[in-house]
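Below are two complexes that have chain A in common, paired first with chain B and then with chain C.
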Partner chain A sequence: MATWGYMGLQDSASPLMEQLIFFHDHAMVVLILITTLVGYMMASLFFNSFINRFLLENQTIEVIWTVLPALILIFIALPSLRLLYLLDEVNNPSVTLKSIGHQWYWSYEYSDFSQLEFDSFMVPTEELGEAGFRLLDVDNRAVLPFNTQIRVLVSAADVIHSWTVPALGVKVDAIPGRLNQISFLISRPGLFYGQCSEICGANHSFMPIVVESVSVKSFLSWVTSSDEA
Partner chain B sequence: MALTPLSRSALALTLRQLSRQHQQTAAASSLSKIGNRDVVGFGFNGQPSYADRIDFPMPAIRFKENTPDIMALREKEKGDWNKLTLEEKKALYRASFCQTFAEMKAPTGEWKSIIGISLIGASIAVWMYMWMKVYVYAPLPETLNPDRMEAQLKRMIDLRGNPVQGTSSNWDYSKGDWK
Partner chain C sequence: MLLPRPDQPAPNSTMSLTKPVMRGLLGAQIKKHLTIAAGLCVLTVGGWKMLVQNPRKQVYADFYKDYDAQAEFDRIRNLGLFQSCQPDD
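Up next, the complex of A and B:
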């Protein structure tokens, strides 16, 4: 989950997010390599006191600094394309969650077993408990089972919103009149936080998303008990 | 007034002389700015100007105007250089050039002013921020009080938040303390 002073990506709670983190780390290595190389070249030119007024062109170095970047780009492109196709893999979700964006809250619908619907409002800062996370905690969390393939259908009731949970590597725009589908699997139990990611009005910063990941058994008992409630 | 043939030829003669002088003075007027200094080469851009540059070591003109002393030395320079004293060699150099290479390349110490003024600018920015913090900004939310942050941190650890490389990965659950 997000915490103060975080510079990097949150630890993954989903296999796809794990792959995204690996790709990010790989691309970062390449970028550091390029930066070091260019920085070294700039530094050595800076401290060079030789003068050559007639330096005009050189075919060898032109070939080198055309081929080398192309090679480096291949090293980035291949893992990137692999991940791109991995994200679009077909799978067979067991649970479907509908997430509807409103101004300014989310509403969740579980229609697989029974018709369970509820709204999820942010807890105002004044009403937070001693250990409440400001701008992140909500009154009703979206409960989902872990180690289960989940389908989320995202839409909106008024303006465009965006449903995101960074730890799961998910960000889906909620567009009125449109159903966007995303599929993921949660690897571990816990609370995973996200915030609306498309400007939607005055309280755009105050409609967070919380996914509570529990065991399948707990999930089933929650769904049945909530429905009864 | 009408020109008589005599005055006309006299005028023509004067004009011819003037034009010749004009050619000479036209050449000279562009060089008149340099006074009595010899043009000794092309220089860095073809203009008769003097500049000390390490990439163009031979300027177009000599640095100083010719004096009888220097002309005498130039004559002596045409002979054996071993017969020139060090003072004479230096005088010949300084007549043609303003600075030596060592003087051209000598560090200026400008970097101290640059660093100093940049740091003064940065510190002015910091002073401005501090003024803003005291007089302009609203107070921070209560969730940033140390006791609230401690409670939130404990909750993060209990929730196993970021257990791979982040917060909870640094907590030893069996010991009940940081690793």
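Up next, the complex of A and C:
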């Protein structure tokens, strides 16, 4: 999860998020190259003593500063498109979770095995325990199994929300009247936090998401016992 | 100091002004600065790749090489951090 003062992307808990992090590092190579080049050119102007009053146009430099950016963009576009198509693949998910955004909480439905539904509200700061995370903890977490292909269907009941878990590389808009699908796999157990990412009213900042990643066996017994309850 | 007379050649002098470079200034400047800029770019990009990009890939590879997800799950569960399952004791 994000802690204060942290500047980078969160550690990944999903193969797709790993690829996103590596792509970000690749894009940074290009940005650092451009910044260094342009920064040095600007700095060298401070020490320039030449003047050319008749400088008007030059075909060579026009060709250079058209072709070079085009080449740089190709270097960014190719890995970007590869990742874009990778993110869109659906790989026979074993578990489907429906996540519905409301003002101002999420509700989850597990329809695969039984009709398990519950709401997930943020824990108010006054009721938070000593080990709780302010504005991030919820009363009922979305429990999902690790090392299993998961599909999440996201929608909303009132206004537009967005279901986000940065560690899993997931951000899906929840739009009333529309079902958006996202597919991912969680690589490791743990708790992964996110926050609503589409302005939805007064308590937009107070409807977080917590995914609890557990073993398949644990997940199945939880689903069974929750349904019985 | 004797001034040279117009009908006599000037005495030999050991100092003379070198002719300043009058042409090709832009080209020379471009070559010099482009070389320095290219060198700086190689340094910064190489530094990013060697100090950030490659180590990060290695960290992820090392983390998952011998990762036992089930053992990690049991460890977190026994710390009482999960809602859906209880610790062993």
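Note that in this section the second predicted complex is superposed on the first by the 229 of 229 C-alpha atoms of A that agree within 3 Å, B and C clash if a C-alpha of one lies under 4 Å from a C-alpha of the other, contacts with A are read in each partner's own complex, and residues count from 1 in each chain.
By our rule, a residue touches a chain if its C-beta (ideal position, glycine included) is under 8 Å from a C-beta of that chain, and two chains touch if they have at least 3 such contacts.
Model, not experiment: these values are computed from the prediction.
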item: Which superposed partner A:I51 touches (first chain B, second chain C, both, neither); value: first
item: Chain A: partner with more touched residues, chain B or chain C; value: C
item: Chain B versus chain C as contact partner of A:T224, first or second or both or neither; value: neither
item: Chain B versus chain C as contact partner of A:S94, first or second or both or neither; value: neither
item: Partner chain(s) touched by A:G132 [first = chain B, second = chain C, both, neither]; value: first
item: Which superposed partner A:T3 touches (first chain B, second chain C, both, neither); value: first
item: Which of chain B and chain C A:R188 touches, first, second, both or neither; value: both
item: Intersection of the chain A residues that touch chain B with those that touch chain C; value: 12, 188-191
item: Contact set on chain C toward chain A in their complex; value: 25-26, 29, 33, 36-37, 40-41, 44-45, 48-49, 52-53, 56-57, 60, 64, 67, 69-70, 72-73, 76-77, 81-85
item: Chain A contact footprint on chain B (complex, rising order); value: 54-55, 141-143, 147-149, 151-156, 159-167, 169
item: Complex contacts: residues of chain A adjacent to chain C; value: 12, 18, 21-22, 25-26, 28-29, 32-33, 36-37, 40-41, 44, 48, 50, 52, 140-141, 143, 146-147, 187-191, 212, 214-215, 218-219, 221-222
item: In the complex, chain A residues that touch chain B; value: 1, 3-4, 6, 10-12, 51, 53, 125, 128, 130-134, 188-191
